Each structure stands twice: as structure tokens, then as C-alpha cells.
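So that you can tell them apart, the chains are marked A, B, C and D in the order they are listed, and the count of residues begins at 1 in each.
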């Protein structure tokens, strides 16, 4: 029996200065799953300090409920990092091999196929069929890389995000390239699931790809890729989210949004875009530029945005909590606001909200739209091919 | 011996500065008391009651403010800033900048007709009430204010900001029967040499909506029902915007949540320190809410209760016996659900993440160094601590702070409550007096 | 030269793969067909009388050690018989039983062996087999080396019609079961009812959000009951509380590989499809012809499932009644 | 208890486009990544559980080229004490008989108590290596085991039969079992774990080392030769069933009969 130690044997309490924890509960109080899940970050930190049996802590499964939204760490008055401690425990679970099979599948797929969705590398560019998306594989180089991301590349619903973005970039004459089928997962969720070794391999692969191509700027479809590159990789070059790129194109007058898209919308701030990357205004700038769009803010917007529970690997984890999911509450709130659509700018938010829309019976009254999708509707050319919005 | 040998400058006319000024003046020192605001009394003037005795705040303060106004050895300058200070053998040569009040305090009889006549009457958020009430561009902070004279808000007055006020000119001028309005008044400066300086610049309350250090998740500035503790004092005060009735957004709250440690003990807000006064202030507010809102559910969310002063623990017990519920947990966020505000926190004793519905949320905002503290420190060569407050030259001797007879009083040197502010005001006065006497002695010997 | 078919039975009951095997054996054209019945004392008569047509001869061996099922005992008995009679081919089903005795028999006889053949042919004194490999993505034709006896198991289903009925001579053979097999049959067990494991089901009737409401799940349950299938669902159905979580197919639920997957009102969310795409045969019913599920399904039905499913229940019940 | 587990590295062909080479006798698996055979994952987990439960040592065996070593690293990462890879230029193309013979030779005289294999491999799906190896070793075996217990010095195996049935058999030790999926929950093997396992040695044996000559192995020794690969007869692209509900239902019934073996 020994106190909780990380995989290198360092006592977690010391490594993360957990003895400095005030036990104030602000982490748990702000946890988006706190009301439904046995996960209690405050108590976990305390137990990491005082319990003699670290293995018993590692055996507990509630750490899989964490969405890695980082609210706990952002709010900690002592600037401790409960989210990192939870991740350490996940890493210990990973090293012990006892993890939910759904997470196991995602990790093994990422190792084998370079994406967590179990799809072949070869199919990574299928989303772009019929669109003039440049790729380094075709010798089309640029100093700006659009990192498409696994979910926009493979998920049929999210492919519409990527397609819309490609059309916007094309309409603006925006120069970029992509890695094509050589793109591999950024590792954001891999890291947050606690798979450090796999994350390191992905990091190395992506870093090498960027250096080899002399990329000076990266634009990501997903805020999760954004966070990985900015925060986890510590990339020296600027990394920006698609919403920022589109907002800048609009500001520069390079993107003619002319068609009316009359819609009352609420914007759902993704955790990884807002709270974790500080990007709040760019998506709102884009919304303001779409003719006919009226933005109604959620009560819980910006810093207080309610996590949709799609982060931290939760796309592959059911979670222990019972009761209404946050995404369901979110779409109900949107319905109460009387909006036509919830707009977001993250593939995971898009998927969780789409699911919630169906389970709350709001299928016919509420639309879930990606920001780029909405902007692309206002482009002055025919809309993208077959609708790919129907999901089970 | 020159005239200035027994002249002291007191910067800041809050309770600490007033105490220093009076102690010095009573000892025969000529005191120049400068105040950047419109009246003396500082933040204490905003308080309704003081702990742990629940004495009426003005009952303690008013005798001192009126005395400072009429003391023959005290010269009071409001709307005045210290803009330069140069060490000289006698002490400091200081330059004071007196901003115009636009109302002649000697002529003004505080009848209030100017404020009634003002075109912006009822539209200007009252600074003294911390934005809760609405007044005019010419206003008196509160009825017992010293000096008892109205003042024009230069940032609001139409005549001063736009150069014209309506077609027929400023109505206040016409309304004033004693001709006290002076809209053409200009700032002036004066320079004098002083033998000692007492710095009593006090504190500013933490702003939960501050763009950099604020806590936007608490909804302050977004929901009218979320107020700070000092705003609560104004609500509770008979001189406040509701005449002392606890009403918020037109309603009488029946669920009051008081959130401790907002902007204190919180690195994310740039303050690791404890603001010292909030625990007792919140106990007081809980008690007041229980007394004035019959049947109200009053909950204080805290992480520790610090009741170190004499009679403090007893006071906390009194609030608790009065039915205020103290729950352990530092609140994380406030949002709206329907008509309710909801405070999300973990009750750490239950170990449960919880939602607390409320219709009044009081944020126990901590104490921050007053705006301009850094400038004062620079002018007078005073050190500052990592918390931004002024630091005494020797941490074991709280008053002496800088070369040439500079002394600290009150909250400019870190959070203090009223009794401590008074005590440190006297301590600074005593130290300043000692310095003046010693300087005079050296001079005489030399 | 002859072909032996090893009759498969369990707990005293004939398994229906036997008919299929006899048909295969006859179609092989490698000699007359002997059905070999290995059974515990007193068990054989019932099996022989229930034997489907197709055998020219029935060889019956009863022995206490053949009671229940012991692959080692079966292999030992078959090896002894085969050494005596030298059949060209000994044919079994690619079943749990066949997977046990057939390799063991091949080892004892040092005979060429092939398993899980979807098709067999006797060419030039040797056996060739068509096999499904790489998860069904390819077929492989394999040729076994000529040998006095070859062992093979075939995947049930898809055989030609059985030979016309004839009177087969029943031949009781004396057998010894060697001691020291090191393997003893203990008992049959059947899974306790209750908890459902959709991952184990051969046929899944899976419902999605398109089913409409909780009551409509009953329609799917009725179909599953008629088919002897298991009901599963997509994630929104679980979220709605219409079915328990153990029924969920999806990346956050269970990954399934049934033989048949009937997708009702599932439009084909990726998270769902990922977890069922390897099913042997996917039949999707959806009103939206553009539903992504049709990109995964082998067979698609565009239509209102409330019309299609009742018709299907009726057809299944009819098929069952005449089967 | 002295344990041996036999594993195979196979391509994950779920998403791959398989291409049959011009001679028809080999398959290019394209970008299909290699992975530990699904059934072997369960066999490995079961072996590790037994090692954890009973103590003793676990040795992992693999017949395959160097690029298949990852399967052995996984074994080492989760608790195998020793890993043995057998390979020789004469080995490609061999069938299950020859693999069993090679493994038998690789086992040598080491006194193992329990041998574990996956019930079948995902690529060729014979399900033969385990029981043939038992034959070579002259020990009892049970296939398709989905429950395995130690009882009175024997192993009690529950074999998974069809339609919810099971069969319980006892095997005297030493014995060989082939493991059915679902018997346990295979643990995740982390990259850090695999990385650490890279530092452990893998014993490489050639045919000479195990005392076999190349006539008894490879295609020659297999007595089974793949003559040709070809696409399966039925295409995989979706086919729409049309007509009124009753007609469609009849078509579905036919499909159920044909594809599911139900009805």
C-alpha cells in the first residue's frame, strides 16, 4: 500500500502540490458532470493526499466521467490542476490495462489507423470528394496547413463541417494545404484519456510532418486539435481555429456572404474553443456577418458555457452519471430561448447536440448547425451536394 | 524653526485618515487633509452597521467627520490629488491638484434644488451607492456628507461634457438660489512643504466584473440580483437607494445567498491574501437579512470562517443562532434558471455538488489596494508588497514607511476592519508626531 | 472409397446440420455415404430413426464414454473405425463439436484436414475446398494433399437438396474408447435467461430513433420474438430510456458482429455504424433513401417500417410454420 | 503453473481493400495494419490471469516474420516472462499442420502445464493450430473454451456451443485449450507498456534450432495448398429490395434463411 503515485513513481500529491488544496470545493462545484456523476475532484485530491492506498483510488471508475473541460483547474483559487490529477489516474488505469472497452477501441484504432473511429487511413480524404481541396500528397504546398481532424474527416455529420469550410476557403481564395491521407490524429482525446505513450507518438508524427513542410501557421477545424497543438504540443507557430480564420477573411472583405440565411440562433461556446483557448468573439463575428442571422445568447454563454460532455474522450465513454445529459439541457434551453438553431464550432459539440436534439423530441423544431456550415449557406453559389444531416 | 515643522499632510480622508488628522491636530499639528472624493468618510461612510456590535456606522463616523470639518488645525481639501512630492530637508515639498467641484462649498446650503433641476435627474448611477441608485449629475453623496455641499460630476454633466446643457443652459445654475454653482471653475494647484506625510489611501472593493481579474462566472454585472457586499450595505442603509429596505430588482428576496471569498484567497483573481473583513461582514449581512426579511432563507457559502477579533466569534454565533445557514463550499458559478438564480457549489461537508436557488446573491468582494496606490508609492518612495498594498519600511513597525517622515494608516497597508483602521490611524499619527518633534529638535540643535 | 458423415447431436437431439452434411457428402461424388452415429448407451436408436435421408449406410457406435460429447473420445473412435475402413473423406459440420473432434481426428490419423469449407469438391483423388477468409472479404480455394483419408468440416447452410430417401442399412459397430484420453465430459449447460448479451446474438433486430416512441419498440420486439432474435438499439434509444443500456450497439455501447443485423429506423450515425459494420448481413429499413445506413447495409428497404415490419413478422411466422 | 500461449499477428482487414496478386495465390492487404489476432487477445488475457492467479511463468510463442514481433511485445507488456519467435525462409505459405509442427518443436521439452491458443485466426479462420498442436504434444485439448477453472488438479473447461448451450469437460494436465472471445475482458496494452517491452529480449529460433527440416514445414509440410484467392461470389454493395411490403418481407425471409441460418 502506497499513496497515489504517477507512472514514474512520483507521489501525485507532491508533484501537483495537492497539500496546498484549500478543499474549497470550487472545482467540484463547477464540474459540468458534478450534479450527475460520483466524480468529485475535490475529494479525489484530498484522498490523493491522505489515503495510504493509492491503488484503491486508481480502481475507481468515476474518473472516466471527466470531460476534461478544465473548469475545475481554471477556477481553482490555488491554481492547482485537478484535471491533470484526474488524467494521471486515467494514465494509471491505462497502464493497468483496465479501461472501458469503448475507450480501448478508440485508442487501438488510433494506433492502428491514425484515427479513433476505426476507419482506414485511405478513406481520410473521402469527405472532400468533388471539392478542390489541396493536399501535400498532390504536391500542393503552402506555408499554411489546414488540419482537418479525424471527426470532420470521417463522421458523416461532421464531414459537412469540413466541406463547408473548404467552400468558404475556396470562395475567399484562402491559400492552404492539407496533409491528405497522411494526416493522423492530433491526440487531444488520446492524451485526455490518459494514453501518454500514444499521445507522444502522435505528437512526434505531427511535429515531423509540420517541420518537414515548413508550415508557418496551422488552422484547425476542431477546437480539440487547436488545444492539442497550442497547449499540449506547445507548437512554436501560430495555431488558429477555423472560426478565427473565417472571421479574419470576413474582416478583410474576402468572403462575400450575400445570400440570406434567416435564422434565430444561439451560439454554444465549445469548452476547448472558449474557456480553453479564449476564443469567444471570432465565432460571433462570423455570425454577425451572415445576412439574416440573429444571435440570441444562452444564459450560460462564454466562460460559463455548459460543457456538452463530448470532451476528454467522452465521445467513447458512456459515463456513470444518470439523468439528463448536459447536451439535452442545452437544446432544451435553446428551445426555451425560441431559437431556430443552435450553432456551434466543434465536431464533438455538434454530435452531442445532434443526439440531444433527437432525444428531447426537438428534431423538427431545432436545428444544430456548425458555424462554417451556416456561413457557407450565405455563399453565392449552389449549396453543397447531398444532405448528410440525418443521423440515427 | 520654520512654520512647516509642525505641518502634516494626510492623504485620504477615510476613517484611518480622519483619525490620524484629528490626533495630529489635537496635538497642535497643522494638518492638511486631502481627499480625492467628494466627501470624507471613505468606504466606512457606505456602511450601515459595524461589527461586532452592530453599531450604526454613521453614529461612529459622523462625530469624527464633523469634527474634522471644523477643527481649527485641519484644512480639508476634497477632490484633491497628490501629484508630486520632493524630499526636502524639512520633509516633503508636495504639490496638490484640486479638481473643481463646480459648487462653492461655502455658499452651498445643501437644499438639493440643483439636483432636482438637473436634466439628468434620476438617470445618473450614484457612485456612492455603487451604482444601485440613480441621481443627478450634481449630487450630494449622502445627507450627512462632509463637506455638506453638492458637487458636479464632470464625467456626466452635459454642460461640462458636451459644452451645452439643453437650449436654455444648465438648469442647476438657475435653480440655485444662493448662486453656488460655478460651472466655469478651473482646477488649481498648490505647493506646500510638510514635515510628515500620513498615507491613508485605503482600499477599493474588488470588482467581480473586472475584465482581467474578474469572475464572470458569478454573473456580476449580468444579473441585477447579484450584488457585492458593499452594495448590500447601501441597500441596508437608511441613506441608501431603497431607504434601508432590502429590495432588489423591485422584489423582496426570500432566499439570500452570501458568497464568501470573492476576489480573496484566489490566485485566479490576482489576490492570494485574505481580505480579513469579509467573514464578519458576511455574518453581519446574514444577521441583517434574517432580521429584516422575516422567514428568509439566508445561506452563507464559505470555505473558512475567520473570527479572530474580540467579540467576533460571539458575533458569528449570534448570526448562526439567528438562523443564517453556513454551508462549507466555495461557490463556483451563478446562472439563471427561470426566475431563479442558481448558485452552483459543492457542499464539501456533504461531499455533494449542489445547486442553491436564490433571489439575492451577495458577493463578499475582497479588498484591493485603492486605485492610485502605485502612484502614491512612487511619489513618496514607499515599498509595496506582492499583494500591491503599501509596505512599512520595517515589517515589525507598521507605520513608518518611507524617507522624510512618511507613515501608513488604514487599509492602504493591507485589509483592515474599522477598529483596526482607527487604531492604525492613531498609530500613524503618533509616529508622525514623534517624527515632527524629533525633526524640530534636530533643527533647533543644528 | 466412401464418404463418412459424422452425425451431430446434442443432449439426445439430432442437430439440423446433419441433413446439410448428408447432402454435401452425397454431392461430393467420392463414394457411398455412411452416416456415423456416435452415442451413449441407448441413445442411438432415437437418432437413427430421426436421421435425415441421404446415407447409404448408417454406422452406429454406442459406448458409455460417448455419452454427452467428448471430442477426444469421438476422435479416438472415429480414428479406429477409419483405420479399419479407410473412408476417403470424413465430413463433419463446422460447429462447436466439429471444431473439437475433427482436428483431433486428423491428428490421430495424420490426415490432411480442412475446416469451415463453404464448398467442397473431390477432384483427382483429392479434396478441394472453397473457404471464406479475411472476414469474408475473399474466398480461397485450397487443395489438400492426396491421402488415404481426409478430414473436412463444412459451414452449415447452402447445400444442394438431399438425396432421395432410401433405406440405409444400419450397421452396429463395436468400439473401444482408449483409456488415458485425459478428457471427460461433465455436463451440458444452458445460459441462464435474464441478462442479455447482444454481442453474442446471431441475429439482431436493432432499433433507432426512427422507431418513433417507446411503444413502437414493441413492434421490434415482436419481430425479434418471431425470429428468435435479440433486440438491440442505437444510442438515442437508450438515452430516451426506451431500452436499457445493455442493448446499445455503438462505440460507447457494444460492438456486435451478428450474422444478420436488421436495422430499423436507424439512419446510420457513424458511432453506431462503426460498431455493427462487420455484421454478416445488414438489412436496413429506413424511410429516407439518403440515410447513411444504406451505405453500410447489404440490403436496403426504403419505406415505412410500420408497414414493412408487420409484413415481415407475418412472413417469418409463416416460414417458421412450414419449416 | 507453467503456462504457454501461442499468438498470431494478422492484418486488420475490416476497412482494407484486399488485392489478389496476379498469380492468384497471395493477397496484398494494402494499408491494413497488423494486429494481434482477436481470439489470441483473449487467450493472452486468460494466460495472464492464470499466471497472476497461480504464479509461475508464461512463455509466448509466435511463428512469423520480424514485423509480427509486435504481438510478442504485447505479450511481454502484459506479463509474459519470455517470448519466442520462430521463423525461417522455408516457412511462408504453410498451413495449420505445419504451424502446429513448428510450434511443437519450439516448445521442446519444457514442462508446461497449460497451453493456450486463440480458437481461430481472423485471417484464415481454420481453428486448427491449437488442437493439432495438442495432437503433436499428445495431450488432451478442448476448443472454444469460454470458461476455464482449476479444479482438483485438472482444468474444467466450459466450451461455447451454439444457441446459448455450453459443454463442460475436464482435462488432465498438461492440457491445451483454445480460447473463445468473451471469456474475459482483455486488458488494454499501453504504448508505454509496449515501449518497455521493447527492451526485453525475444528468442529467435530457426528451423535448425527446433530440429525440423524444411520438408516437414512450409507448404510442403502442410498438405494443404491455397490454389487461388478470389472475391466472394456476392458483392457487398447495398442492394435495394423493392416492391410492396409483403414482397419485400418474403425477400427478407429468404435472406434470413440464407445469411443467418435462422428459420
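We adopt the following convention: a contact is a pair of C-beta atoms (placed from the backbone, for glycine too) under 8 Å apart; a residue touches a chain by one contact, two chains touch by 3 or more.
Keep in mind that what you see is a predicted model, and the values were worked out from it rather than measured.
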Per-chain CA centroid nearest to the all-protein CA mean: A
Of A-B and C-D, pair with higher C-beta contact tally: C-D
Length of the line joining the C-alpha centres of subunit C and subunit D, rounded to whole Å: 20
Distance from the mean Cα position of subunit B to that of subunit A, given in whole angstrom: 45
Cα-centroid distance, subunit B relative to subunit D, in whole angstrom: 79
Centre distance in Å when subunit B and subunit C are each reduced to the mean of their C-alpha atoms: 86
Interface hub residues of subunit B, defined as touching at least two other chains: none
Multi-partner residues of subunit D (each touching 2 or more other chains): 14, 16
Every chain pair in contact, whichever chains are involved: A-B, A-C, A-D, C-D
Interfacial residue positions of subunit D with respect to subunit C in the complex: 11, 13-14, 16, 18, 20, 27, 29, 95-97, 119, 122-128, 130-132, 134-136, 139-144, 156, 158-162, 164-172, 175, 182, 223-233, 236, 238-241, 245-246, 248-253, 255-263
Contacting residues of subunit C [partner subunit D, same complex]: 10, 68-72, 95-97, 99-100, 103-104, 106-108, 112-116, 128, 131-145, 147, 156-158, 181-191, 197, 199-200, 202-203, 227-229, 258-260, 262, 277-278, 280-281, 283-284, 294-303, 307-308, 310-312, 314-316, 319-320, 323
Contact set on subunit C toward subunit A in their complex: 208-210, 234-236, 239-240, 245, 251-253, 255, 265-272, 274, 288, 290-293
Complex contact set, residues of subunit B against subunit A: 216-217, 219, 261, 265-269, 303, 328-333, 335-336, 344-348, 351, 353-355
Partner subunit D, residues of subunit A touching it in the complex: 7, 94-99, 101, 103-104, 107-108, 111-113, 118-123, 195-198, 200-201
